[in-house]
């Protein structure tokens, strides 16, 4: 049992590290803010979760605590990405797009409303 | 939904927080447990009014089952998403076609909306930029459709179906 | 228990935390309780000063740990003298400001809390035997000072406070760096232990550390060119706070500078004292020259105060026991006299927004007592007999002459002439000019009158009979001059180990 | 190797500190100056922690895993001092920011050059 | 030009500091009072976390000072940014900034209690884990910060903040004074309780109590400071 | 209790008491002043004597009080002049403001002077010196006129002087390990030459300021003029003599036993030059009080010249003149004060012919002027005689010439003073003026009688001077109650001289009075010129007193154009520019201050090698 | 065993390097914050991993606190960007 958990742990840790790298690399490589956010959020979240889970498996008495952190990351990371994207958009940072930007109108409406106030 | 009693909310909050405490301390030593119950009760008293809208009612077997189902759907999407990102990031050409699309949700509670938004964010090629009333604005790495119907189908349907069952 | 140096810190903190609750009980408690605490501390000072002697310092352990492992408060003839001076002065400044902000309750509450913490912090700086703890107390003092500087909304207090904070932050970082260097080379933070281990610190590290301390504490002690904050802060803070800056804050600063130069480092005779002397000389000259051209009364007093700080540095920079004695004497006088001047000036410029000296014409008649007391302070600060300032000046000059420093002697005297000019200019306006028409004056309240009169009586009493305090000064000087004794009293075991 | 480590670790901490000082001395924006002060503090905190580090030492906590064993621990004193320094730095920064807010309200600017009513 | 001068000044400064510190080999063990602490913290005090032992006992006086600094900072900010209460309602006008998104609001509700628990955990276990009163207090304040940035109508009741910080501060000093009465050396802040045994929750005597008080105080103070900074910027009315 | 302490207590306590008494009720104050004015001289002359001493320890210093014969001479002057002036003041200052301050300062400066004279150590000397200085400063600025100029100037010069002394005192202490004056005198010769030179010069500067020796005299005319006249009498008559007292100590007790005995000659030169310059200035003043002020400077110049010459006779003459000057200048200022009070001005172009209105005042002024001009029978003659003789003997011929010029020119202003105020034709505007009240007239007359007495029986003052000379190292100076000796052994019996001149004088007085009375019968105003058919232009000179010595002035104008004031003012302006420049250091920009901090630290680091010698 | 940890640490450090580069390059504040957020996630994971390597349970507490502070910090900046504070 312990050995199984250990190797499982190795696996998750390795996977996590790789995804952490990919997330950072994505942030480095992607062309604009929103696409960077795409890469950064997904990969680093999974990477961190996986790595921490790996540690939790290798060290079973730590498992619950690592689980808490995993849950926290799962909740908090997407939210901070969302808040950042919203914040960036409101500072007039337009996304790189050839197709559609449905959000633009909403922000504009909002701004005119604020000015009227 | 509105009729959830405060006691139920309080106890729900207390239980959740106590579980968190137990996870933090990772021990069942008497003094720790007693302290934990005490501390979680204080914090629960402080926060139960807004911590939960459902109270203990969320603990029906059906809902718990849906929760588990949601968990697996989500994990699957998450892993898919990551390999998707890996592919894009590592490919020399960066094959993307980004844009922001929108769709409308049927979820009512803020909490459910949040869960959906987070799920979308962690799944392939998409993340939630904002929710305005019931409309989601999603940044999509490879825009394959712009009409709401297909956007909804593509991005949100699988999660929302389950969430509706848990929270409505 | 009833008279323990710890109470200098513990009681004010206790009260500071308690006052917001007391306020809910009965609002006047916000004024009264801090006063009672300060009164208690003042009385305790007298009691402790009777118990202490150069042979027998009072050492208070904290948390039961002996030096150098725990923090200790060390009430010696030297530190105790300054702590007592601060605490007694603080009580009188409290008395002066008893009715301060009578209407605005919130403001009063903050004022008294901040003032009490300013006092406690300063006493902490003086009494602590631990270098890092000294840093903590300096920060407490500084933060209260920033807040008090910005206390008035109508003035430019925020500007002054920001400058103060900016420079104060430099002071903090330099102190920390200095402490870090000392800690890494000696592994200790206790000042006596540091002094004991100082020979093992390599020269260049020692010098760097000393210079960092020198600059950092020079900021607190208003040394030129580090004193840009001072005139602004003095002129914008409420009157009694300006008095406590001169009488309390600056005293703590100079104390720290002296403690570091005399006790911790062994660089004094290798140039450290000379550096202090030269900087004191420059500080004095520049400040007094600038004071000469001030149109704002409070700024003039501030620059004058800085000049006096320079004088104190000169005295301690002589490095002799006579110099220490003179320096302590000047510190005492400066605390009392400058406080009186600031307190009196608060009423003189009460209703003028610009606080200009030229607005003071004829106040001698409008506010006879306040003007008289201001005049008395002016006479005393320039060192005219039979006021206390004379004796300190005399002792400084004797010490300087005995160190064969004719140039310093001449400069000090030349600067004194300038001091006389600008103080007497003010007096001329107060007494010998016709008042402007329709001038509004504020009569001092009974409590401020009592405060000012007490200070004036001290000035006269010491002036006529300096022996009231010369004994204390001698003990204090003896105490500071004997470094080995200090080490031995605080860490006897380690000291004897080193000897063997 | 150790020499390089010494220079790079201390050097980077000192560099952070100097960057903070540089910001304080050159930036005209009050907020940036306050940020500079914080950077300065952080640099020092880094330095202090680095000074307390002992090669191969672990956190000075005698948790059950290490209690009773003869393990090397890093110097705990700098950590305690850093804690103090951080807290104090935080307090000062908070006060600084509130002063900036008030200055802004009064002078309608946060340029330090334009706030010098008190001089000479 | 000016910048160049400043840079060269800083270079000199940096060189001199570097010169001083480079003598101290990185990572080398040195003699000093810390070995005394590492020895006596687990033995005399039964405190696992030596840093905590130092912070609360050996150098507890510093800690009292720090707590005071925070208290001072809060008071100072109140002094500097006084709030003029609206004449009619007695309340502060509401912030005018855009509301946070619902996602953030929901997250605030969800995470706030958990963060509180974490904060409490951290300061209650200050003597066992790397936490402590300051860290725990800071975490609690962050929890309130989360609510402050999530809900623009959220306002910390300063009445409660005052009570908590005052009572916590009083407990700290009172524990210290009790040490003067009950402690074996009659010294301030001295332990007068049973020290228990290492790594138990109930070990370290008064240290845990002090750290709990510190946690409450720091939490209340930082929360008050954050609230002042955030709310005053929006609604304050100065000069 | 020791009599010295009681005397000081009477004066110091009286000063304080008068302040508070005037706070409550004018009459109380007045009573206290009278009490002090009577009690202090009575106590002094009956209970205090040379040889009494009192030593005590204060602030770690061993201090001692006690008169010696030398200081006793000056004490006599102060104790005669001051009480009379005080009594005079109660009339002169009637219904003025801030009388508490006035009398406090007045009596306190007497306290200071007596203290100086009884100080047997340098610390107490300095303390009393400073007390005297600031008390007199308060009186200089008392009227609130010209505070910024005259007052500050007085204070600056006093401070410079006092601090020079201060520096000398501490250096002497370093060398002697004592402040005791006797010890200092004894060991002065053992110091190294540089210290001897430095301390002596510094002390001389300190004393020379008070005795208004050029170039340190510029404060004096303004200060004398600005002070309420009743105190000017003491100020010019007594207070300035403290400088003379000190100069005597330094030159004759310290320097005479060193390589620097020549310093006295230079000082004598300075004194003589001062005398000449001030005399000419006095001549051209239109204001009687200013005239007296310049005259005081001139007279002090003589006195200093006398002491500076350092021979037995010259010193004797100097001291004698000092005492005499105190008496006659006191009288003159009192007279001017009486005129000022009664006529409202001291401008000689506005008033004249007051002899009829104020005969007693005129009498006192006349006696004093005679003393000043050096005409027998009043004492001035005796003093000048001795001074000439001493100067001639010293073989500094140019010095003799200077002294001679100035004493001759003194006639000019003496005459002008008398004529301008009392003689000449009376103006209509001044016809109503009445004699001053008795409290003012009586002290004046008493003082003038003292002058006559001194002229007739110089011995009453010669005796103490001769004793005092012994303290300065001139043993056995001969004296006789009414006989004047010279160096050749000749002697003049003054009794006969006095009787002769006194008779002539009285006759003249009767004659003048008669003329004056007659003149009032049919009199025309000097301004009544409408009968000439001309309308006077403003610049027309309608008054004798205006441009009194116009031709003379024209000749001397190039000499008088350069006032030393100008140089001091320029120096002051330069300093102010420097101060203004200095304060630019405080730019008001917080960032600059922060930069200073860093620059300072870096500078210290860079200099650390030099500072710490590594 | 040891090799494994070194490799993992190497990969994580590489990730950190890229995040730092983005942090320095910007170009906008938002970009920097993304990099910072990413870095904090990396740090949290690393801390736990190091806790395992050194067998110190306490590192988990540190990382938990770090995660919370990092999250709220980023959230605050984001709200600041949209003018929400």
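For reference, chains read A, B, C, D, E, F and G in written order, and residue numbers begin at 1 within each chain.
Following the convention adopted for this analysis, a contact is a pair of C-beta atoms (placed from the backbone, for glycine too) under 8 Å apart; a residue touches a chain by one contact, two chains touch by 3 or more.
Model, not experiment: these values are computed from the prediction.
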**Message:** If you apply the touch rule, which chains end up adjacent to both subunit D and subunit G?
**Reply:** E
**Request:** Please work out which of A-E and C-E is bridged by more C-beta pairs in contact, and write that pair.
**Result:** C-E
**Asked** What is the chain whose Cα centre is as far as it gets from that of subunit F?
**Response** B
**Distance from subunit F to subunit E - Cα centre to Cα centre, in angstrom** = 72
**Prompt:** Using CA atom averages as chain centres, what separation in Å is found between subunit B and subunit C?
**Reply:** 61
**Centre-to-centre distance between subunit F and subunit A (centres being mean Cα positions), rounded to whole Å** = 95
**Request:** Between subunit D and subunit E, tell me the centre distance in angstrom, where each centre is the average of that chain's C-alpha atoms.
**Result:** 16
**Asked** Do you know which subunit G residues sit against two or more other chains?
**Response** 57-58, 64, 68, 75, 79, 82-84
**subunit B: positions in contact with at least two other chains** = 20, 24, 114, 117-118, 128, 130
**Fill in**
Residue numbers in subunit C touching two or more further chains are 132, 136, 139, 143, 146-147, 150, 158-159, 161-163, 166, 170, 177, 183-184, 189, 204, 208, 231-232, 290, 293
**Asked** If you look only at subunit A, which of its residues touch subunit B in the complex?
**Response** 19, 22-23, 25-26, 29-32, 34-35, 37-39, 41-43, 45-46, 61-62, 64-65, 67-68, 74-75, 77-79, 81-82, 85-86, 89, 95-104, 106
**Fill in**
In the complex, subunit F touches subunit E at residues 595, 598-599, 601-602, 605-606
**Prompt:** Okay, in this complex, where on subunit D does subunit C touch?
**Reply:** 17, 24, 30, 33, 37, 40-41, 44, 47-48, 51, 77-78, 81, 84-85, 88, 91-92, 95-96, 99-100, 102-103, 106, 115-118, 120
**Prompt:** Of all residues in subunit F, which touch subunit C in the complex?
**Reply:** 57-60, 98, 101, 123, 126-128, 130-131, 134, 137, 141-145, 147-148, 151-152, 155-156, 159-160, 163-164, 166-167, 170-171, 173-174, 198, 576, 578-580, 582-583, 585-586, 588, 590-594, 596-601, 604-605, 608, 611-614
**Request:** Please name which positions on subunit G make contact with subunit A in the complex.
**Result:** 4, 8, 11-12, 14-19, 21-22, 28-31, 33-35, 37-38, 41-42, 44-45, 48-49, 51-52, 57, 60, 63-64, 67-68, 71, 74-75, 77-84
